[in-house]
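Lettered A, B, C, D and E in written order, each chain numbered from 1.
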């Protein structure tokens, strides 16, 4: 039984590697990061918070990624950073998706005044550059993980609202919805059964693509000192520590690479997912 | 046409005003939600112990009034072109903006233009070479660009080009031995050229390179990705096949038929990319010591300097609506089907 | 940038990260503003180099002090001229001092008790409402730079009692300087740079550089720039650890003039933990002072007391406490939940991120079993929270209005303004601290004051809610060709006019 | 009449899936030839292969000659010369096949200038002539118009004008009237017939409407599952079908009285064709070998070919 | 008594600042057991009328009655149970079933009185197993049958079918039409069958209405309409249908272009293309009514009534 399945998975993998090597690599990278996040304490060679007198040690056999100002092991901090960035990105995206989704659903389905108000509201948020608004919000409420997430949800829900709204506007004119309503299905159950399931697809794709963005924005806020509070091992704030002194390049290079790989993996996967769901974008064949 | 254009513009103006009002309300709201009292944040210890000084400060900034009165007062001043005095610089926000905005435009505009040129060319190439190696490389490259934290890229660029190679200046707008050229546009390179001061122009230009490079990287990735998929979409259209069926050479089909149709969505996204670029300046300017709105905004936000935050928000909101307006006008220009209404 | 600076032999470039609101001496407040104002406006007295113990003559040839330290008589030198060529008179001196006082801007607190009258064209009498041996030092501060009264008045300045509202001189003074100093203001771009030019009418020794550009650059850029600099350049913010890796040919000059300290709130209503003296002692014993000093790097040291070594009355380094985790653990035994919310401003000060310092403290405290919740805040919020008196504990660097630490006594003694914010009322204080403070204020001669200060600090170390963590230096890093680039702990950081080419 | 286009065992695969098998077609000078068949039977793909407009990943085998040109051996430039000037094409949906952002005039003249080397004025004059020829009112004005300003019928006529601009010898019309109303369709059909009569144009006309074939085409091919099942003079094929599929198709048309007669089952999906005759699963006249042997298109005299040994032979 | 009555209905669409009067004063009645065909060129307003007829949108003016009860346009409320007997079959086979719900689930939406999804499937000749599948697993013809099964769920009295087979292949077309007609006849339902395929309408409709630019120009029993069209437009439509015959000729061409619906000519709307147009045509044509047919044409008026017009 297991053998058969193993064979099948193997075949599936081989096929995947051949057809979409980049996607498979991204999936593997992400998987590795997930494992790293889950098993951080087992993987990290040191306590990420443990300070030592060996400040600013360059990378060596003892500290592969070197140490920072307080003599903390950067590898361990990068590893533990995954526990922060990845779940927080997920939280930001799911909350934004929830808020934007519900509002977009209502705007698209109810139309008229509700729609107008909500769309002006999204316009309003769009009129601020994301990072500036997020900065103002976190600065106002004080830097903390919660506030950073809150700020990023505030700046990112409109994207989802718009996407969902536009899919709902399309669905609202779909014959299957009309047919159901003609059969006497009430508006609420139509919303639940017909509108909602058909709008989650595009939103889901968007959410995957936005995961990378969320990691980046969170890192940017932390870089500016508005993210999770120290001594948390957050990648953006680790880069900020290194930014004071570029000659200690290892302090900022490794967390930067961590962000880069995670975000890249998210983006590649999101891209492939979009290709799958919307085959018009598929690579390879037209 | 002209009648409908006027109506269109009037409507847009109304929307813009509404939006800007919204921006002020939101900003006011955020800043007033803050637990902190601007009085204690802005007065020295000693002054705080002096009730008269505190009262004077409150009166000066209208803090003794209810929030809505403060807001209306702000609006009243705003209509007269007065955005108040920045608490951090102590100067009128308007004059602050006048000096910071050109600096930002000086890096944002070239970055945008470069990104548009490169993005369109590369995206087009990828679309035409769809599914082949070039396409894959471009695709991965674009994703790589999208995935790189801009602040980190700035640091790396600075480290490599300045610290290691010494080929780029470290930051700022001008080397110390030069004085800024007489202000015309506020953009040093342009002003220096206008003044015929080539040494300054060259120096200012060198200072532009790294920040513009980083900003271009941010924008180009988004654009390439978008142009590629927009062009692919167009490539699938019957009219492209029809153009080939007419016996037109590939070059003509691409230039005349593909590019034209593909540019419409690209214009839309350009507006968004420009907004993203302005976001990007916050981080990039901080690292390159570039005295632009981004840095100004950062300082204002962290100092909770209400007039400055409002000023920046209004400026950005204005840019946003203007960019959207330009996008819509361009739409009408390029696509005959779109009527302004 | 790094490529430049050396091309033009007569330009000195000063790299520093700045926020400057104004260059009006009556209102100037920020460090870089003080540096620039000091170069443009002469004061009656001044300091040379890094020695701030004794003011030396400048616009005043000499002065006499009354024994009760209330009346000071200054004799002006005869040859001093403003940049426009007009002579510096007693009227200008009186106008300048009165204006600072009446503007009620930041510098006003220094002169609140002072008033000046002209005796004759070359004699000014300054009186203090309270006995104050520090008046000559106060008068050396850049804010008390003498302004050309005529020019200033023509441009809206006034020294009247209503100056706070009526004075509109800042607009002019932000564009044009009206002093008698070695430099005049060429351009002031609040975002990017301040450009000074040599004052052609300067009465004293001509400065070595005809042009000075004070450029706004963040610390990291300063370091990169200085690493490559070849010309006449100096940087003001490269301190401590940042000095590592710089070419050894660069000249550095620094003085330990900053002390970092924490406060605990002694109000039991705010926190039963921090108000517990055992907690304070445990925390004090848990900190690795040497480690902290190492964190700051070169020019830093452990803090023996609240007064930094640069100033009179500082305690010797040997008085500095040592980490004693065993003692800390022991002290904590009686405390149920030794934890506190620790606020600090999220800023970088003197090249050190305060977050890093706080993290170090947190790490040390954790070793003793104390849990500190780090809460970085925007500076504005931090100040608000701290001043609200409701924060459990906080941390910030201390700077002085003028290079004498006496004002600390007035602020930090129990029941005083700053102390009250830490819930430290007279009732909650040990009487010895109050006594020590009174003694300092009663001493009129410098030596007695210095001894008094030391006593006061020892009392404070024992009983106050303050824990001095470390001292750190201000630094001037200059290219090898420069001479006289000495750090001055008197607010203006470096005397630009004293810099020469060696 | 000489043969203008001749294909022999043309076969097309799209990403490895065979879609058209052994299509042997011929079109003579001045002749309108029809291709009929259900949706998905490979009509369009066959047409595309004649202009080398197949999507990437397509492979074509067999031979195709156009006049004295071997289409299979053409390089990029060769195709550019054939397209538009030798063979041109009109697509099913006139709205999609016209560039929405280029004026009719531009779309009408650009290839005249590349193919015929005309200058702007000459091309313009010819464009006016062409629009007049396809009965578009006020041709001068129409040149400046954009496609969205035209009605569906006008758009399709403009598309035909574009296809005719460089005086091709063969026009491939891929369901040019399917998207149009009957009255508009009538106009297009009349136009094509007139062009044939007046200019000697050959037309390969693809449709699923057998009535249209009867009215327009001299000869016809019936496609099913990527194969030609029957061919011959249109009247013969439609009035005396010799393949069960053609007969069933004719039977399924509306007729007076009684219910319609649908063909049982559903069409073959490419790549999942049965091993034998593709129509076997739906055919009412099968014999055992039908399910194993793919019948070949056999001549049954009189320019008639049928791929059904069971029925066709009768 | 008619089960569905459309009376003097006008429908307008507003978009991009212009108003298109898609339907202008149309009246049609459908009796139980009767199939009424509605033909007309694309854009003449057939779908607009159909949507109003079932209450998917509101008419600008006029009334729709179902079983004598006014039909309320669908708003936020659940549809009134009395109106559920008025159902619609849509043209787009891919869009009329929700791609993300199983067929059975969707059929169950309309099931009342304990009727079973199974039965419904059986009625349209689909296997029971279809209930667990998703729409994309079916061909276009099968999907249309499933859509019909869904409309059957509430046991409708009238079905409005808006081009239900246009998107289908000839053979599937036949299957679906047979099914639909069979069900309508068997259950004595009424049906408004919209199509642009005249031959098909001729095959199944009892009566046929011809629509041109938002108006009904002629109604008559189907066979009479075909053999003896009275309105020049009907004539043109009939003549434009290609037929297979030994001596097939090209269908007759109708001159001119369809006018812009937002800019309809005054008087008789067909006048710009009518081969018989005359000066009086610039006034609204009279609507002439015989016992079972109506014509709106000046020509018919001149020739003295509906019965003996010869438009040839």
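Methods note: a residue touches a chain if its C-beta (ideal position, glycine included) is under 8 Å from a C-beta of that chain, and two chains touch if they have at least 3 such contacts.
This structure is a prediction, so every number in the text was calculated from the model and none was measured.
Q: Just grab the chain with the largest centre-to-centre distance to subunit D, centres being mean Cα coordinates.
A: Following the centroid criterion, the farthest chain would be C.
Q: More C-beta contacts across A-B or across B-D?
A: A-B
Q: When the C-alpha atoms of subunit D and subunit E are each averaged to a single point, how far apart are the two points in Å?
A: Each chain's C-alpha centroid was found; their separation is 31 Å.
Q: Hey, how far is the Cα centre of subunit B from the one of subunit C, in Å?
A: 38
Q: Return the distance between the CA-based centres of subunit C and subunit D, expressed in whole Å.
A: That gives a centre separation of 90 Å.
Q: Between subunit A and subunit E, what distance separates the C-alpha centroids? Give it in angstrom.
A: That gives a centre separation of 50 Å.
Q: Of all residues in subunit A, which are in touch with two or more distinct other chains?
A: Counting only residues that touch two or more other chains, subunit A contributes 139, 142, 225-226, 243, 246-247, 284-286.
Q: At least two other chains touched by the same residue of subunit B: list those residues.
A: 34-35, 130-131, 158, 163, 286-287, 301-302, 304
Q: Mind listing the subunit D positions that touch subunit E in their complex?
A: Spelled out, the residues of subunit D in touch with subunit E are 38-39, 137, 151-154, 180-187, 189-190, 193, 208-216, 235, 238-239, 248-250, 252-256, 259-263, 266-267.
Q: Considering only the defined contacts, which subunit B positions touch subunit A in the complex?
A: 18-19, 22-23, 26-27, 30-31, 33-35, 130-131, 135-136, 139-140, 143-144, 146-152, 155-156, 158-159, 163, 229, 232-233, 235-236, 275-276, 278-280, 282-283, 286-287, 294, 297-298, 301-302, 304, 309, 312-313, 316-317, 320-321
Q: Taking the complex as given, what residues does subunit A use to touch subunit C?
A: Those residues of subunit A that touch subunit C are 49-51, 53, 55-56, 69-70, 139, 142-144, 225-226, 229-231, 237, 240-241, 243-247.
Q: Could you please specify the touching residues of subunit D with respect to subunit B in the complex?
A: Residues 51, 53, 56, 76, 79-85, 88-89, 91, 93, 96-103, 110-111, 114-115, 146, 148, 159, 162-163, 165-166 of subunit D touch subunit B in their complex.
Q: Name, in rising order, each residue of subunit A that touches subunit B in their complex.
A: 22, 120, 123-124, 126-132, 135-137, 139-142, 212, 216, 219-220, 223-226, 236, 239, 242-243, 246-247, 249, 252-253, 256, 259-260, 263-264, 266-268, 271, 280-281, 283-286
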